[in-house]
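In the part that follows, the structures are each spelled out as structure tokens.
The following pair of complexes shares a single chain, chain A, combined with chain B in the former and chain C in the latter.
And then the complex of A and B:
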């Protein structure tokens, strides 16, 4: 009894310490966002502000482009997710439930594509987009991420576990293959789709690398890209509104994750990616 | 037979790479019949069913529906319904939606099937009423009216089975295909569903093709049994024909509740038949019973008392195992004691020793 209590206490302690290290910058951001200006640069360390200062948020939302950055982020992330699902779901259905020549080869290529980091393909894509002349557009921010090996892989694993009788039954009932994908397979894959959506949204909402390369127009800046403008031009050393902006930008993700937490873990377990 | 065939398979073969699953089979499904495809697992009966349905294509041969070749048509175009062993209900749809889906695909345009937009698409409300009416009628026949808003996961096995049947019924198909539909039910429910299936067959008047590996199920329900062995049709006919005149040794082994006694020439049973030293003799246990003046003698090994009858296991002088059935009131002698067995000569089957084919009894 006592021994197991002690070992539990140790592991809990380590977890708390680990969480504290990871959460500290986040908490510090929150703390600064709510601190009045004179407390931010005080010499002693104080986690809690003496009074809640809302003006940082008012400045961030009214005097800067944060609302525009949020809108851009929304358009890009929603566009990427919609197109990813539009292509990945039929593709993975075909890989999992149809028999055709070269199926194993195609799936092998998908797996191989999982190993290639985006940074390798970024330069060729950039050069190609420059030739076509679509840099500095929403298209440039969305297109490179539409073919998603990870999405195809995740959905394929899910679909290959569904009984093939189900799809035969749908064929007997007169559904075309396209109808089977959207009326039968996709609704059943909702847990996997939720998990995938969270991965995709987080990755592209937080992405700084590609927007930095593909766009120079401030009106197209996604939230992380926007924060850079923010620091340079508007606030200088005005850390309060900057941190308030950062809070506003991270909040949607945190909220979305908390809401979808259960579905997320379900989807990962169902997709065979336990752990 | 005056009934015209609904479906015919002619010279049908199916190969997957090097393996031949179906080898030149001919099957005819007459109007209003209840046909059982009977065979051990792996004999090609499910493949036959899938080819009938149009879910699989034959490598050779023709599939004729009402006399027309339908090899290139989909199941839906053939208007054939199929019930799967696993029921294959759509887990995310309610019972009503499950049963309505085939009708939705038929009666609503692709615009009418869209969510939200579909409600205002021209002609869709009329079609929706028609669908609701048909599903309601089928649900009433099957006793599903109270379950229409449930999801399949909350139904029992028997209820799922009924929903699968309902989904097949609603569109009034020309042919019902059932792939071992009762194998996932417990024994008591299976017997009950047997009767319901037969009643449903009468009510619809459509031909049923029923795949099973259980000979008693086939004997109980079907009016035509197609016995398949190793990708070939071993024999097709009425249950009584199969039982009384099995075309081969294998069919004789497959059909019948009690395993048939097969005596090889080497077993030396000269009392049975003049041809006993050149042919295999088949004699069912139920046709072999203790008789004071019987032609056979064997020593009793065990006796299983079943109330209405007693199953005797005996061994002949040369060591051949013999099974016989005695009436329930038979006084069982002590194990090891000799018993004389009698039989009716007309119940004897002769099979060629090499080919296993039936030989007509000469005597």
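And then the complex of A and C:
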């Protein structure tokens, strides 16, 4: 009895200490975002601000481009997700529920595409976009991510578990295959779609690599790209507003995670299969 | 005649459904891979009117020059630190939280949420926060060190330290993800096995862990290690935000080198060779991962 109490105490101590380390940058970011200027530049350790200072957030939201970064992030992430679903869902349905020549070949391509990390394709895509002249546009930020082997794979797994009688019945009722995809198959696939959406939105909201390459115009900066512009310009004086900006940019996904933890954990864990 | 038109209509439907996705895959994945492989044998520069075939010269430059070797060895060191530590910590946290579920479910739940936070948070913004945490004079780490009588360090600009600092941030980000995968593995262990172990006298502490938990977690552990490795190989955000590969290339990694050579110096040929080497590392890992996933399915 005493032994198990001691072992519980030790493991709790270890777990809480670990959690404190995990929280450290979050707390420090929040603390600096709410600290008055003189407390930021003080050499004493003060984890918490002496009073809550909202002006850093006011500066970040009114005097900087942070709202624009959020908007760009929203456009890019929503655009990518919409096109990914538009292309992936019909293809997955065909792979799972139809028999056609070349089906195994197409599925083989999907599996092969899963092996290719985005970084590998960046140079040729950049060259192509430069040639066509669409660098520095929303299109350049969205287009390369339209093909999603992971999405096709995920939706195909889901569709192949649905009974084919269901689709036969719809055909008897005179629905076209396109109507079956969007009016029957896709609504049924909402659990898969949610997991995929969480994975895709998180990956692209947080991505820095491609926005850094494809855009040089600060007005097109996505949140991570934007926060770097902000940091490089402020040169150390405006730590408070910079941290407030970082909080604002991190907040949407963190809040979504806190509100829908189970779905988030599943969606992001499923992404691990993609590698 | 009528039959033929039906099969033809069916074929058109298949093309309409599967064609567009296949086309964009070819256009944005397979074609670029082929081009990058070809470019890696040339001296092409962005914007140059022509290029020459130079065989394996880009590769010998990557493996032969100090800078190229530095990028490769830094990446390998980073991966070699992040894998064991983040997998080990992820396992320890998962075991602790799994046990805690029995007597303090709310605390276990709360801690699990905290550990997972870095996975959802924007890494670039968090790197900016880490920069302030590790700030030489204003950061909480050095302030604490100074208060305890230690020596403050230049965590991000000391050549000997910077790679380890980045690895620590990588571990900070990966532990929660690994914990979730391990928790899923722990839940899947049938409780009868623990009862049987108890009967055999291995019901407590370490003997219970070594006879039941660890063997049952074997496939999960391998899977977690490979996932961690593939993520660690891609380390870019923290490098680009915090060090830009510096000081003096002490934290240069493969993906950052590919970015710098390709998109700052516009040496497309050389950057393509770096890309191919990076790709080769990841291909080996991903193929290993596929085999493990397959094995896991057979295991059940």
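Brief remarks follow.
Throughout what follows, the second predicted complex is superposed on the first by the 232 of 275 C-alpha atoms of A that agree within 3 Å, B and C clash if a C-alpha of one lies under 4 Å from a C-alpha of the other, contacts with A are read in each partner's own complex, and residues count from 1 in each chain.
By definition in this document, a contact is a pair of C-beta atoms (placed from the backbone, for glycine too) under 8 Å apart; a residue touches a chain by one contact, two chains touch by 3 or more.
Everything numeric in this text was worked out from a predicted model, so none of it was measured.
After superposition on chain A, the partners chain B and chain C are seen to fit next to each other with no clash. Judged by the number of chain A residues each one touches, C leads among chain B and chain C. In the superposition on chain A, A:19 makes contact with chain C only, while chain B stays out of contact range.
Applying the stated contact rule after C-alpha superposition, one finds that A:108 touches neither chain B nor chain C. Applying the stated contact rule after C-alpha superposition, one finds that A:67 touches neither chain B nor chain C. Within the superposed three-chain model, A:47 lies in touch with chain C and out of touch with chain B [touch as defined at top]. Taking the C-alpha centre of chain A as the apex, the lines running to the C-alpha centres of chain B and chain C meet at 100 degrees, rounded to a multiple of 10.
Once chain A of one complex is fitted onto chain A of the other, the partner contacts of A:163 are limited to chain B, with no touch recorded for chain C. The gap separating chain B from chain C in the superposed three-chain model is 5 Å, by closest C-alpha atoms. Listing the residues of chain A that touch chain B in their complex gives 163, 165-166, 168-175, 179, 184, 187-188, 190.
Put simply, chain B touches chain A in their complex at residues 50, 53, 55, 74-76, 80-82, 84-86, 88-92, 101-102, 105-106, 167. Remark: chain C residues 10-11, 13-14, 16-18, 20-22, 24-33, 35-36, 39, 46, 89, 92-93, 96-97, 99-100, 103-104, 107, 111, 113-126, 128-130, 132-133, 137-138, 140, 143-144, 147, 172, 175-177, 180-181, 184, 205, 223, 226-227, 230, 234, 236-237, 240-241, 255, 258-259, 262-263, 268, 271-272, 275, 278-279, 282-283, 285-287, 289, 293 touch chain A in the complex. The residues of chain A lying in touch with chain C in their complex are 7-8, 11-12, 14-16, 18-19, 21-26, 28-29, 32, 40-41, 43-45, 47, 87-88, 90-91, 93-95, 98, 100-101, 103, 106, 109-110, 112-117, 119-128, 130, 143-144, 146-147, 149, 152, 177-178, 181, 202, 205-206, 208-209, 212-213, 223-224, 227-228, 231, 239, 242-243, 246-247, 249-250, 253-254, 256-258, 261, 264-265, 268-269, 272-273, 275.
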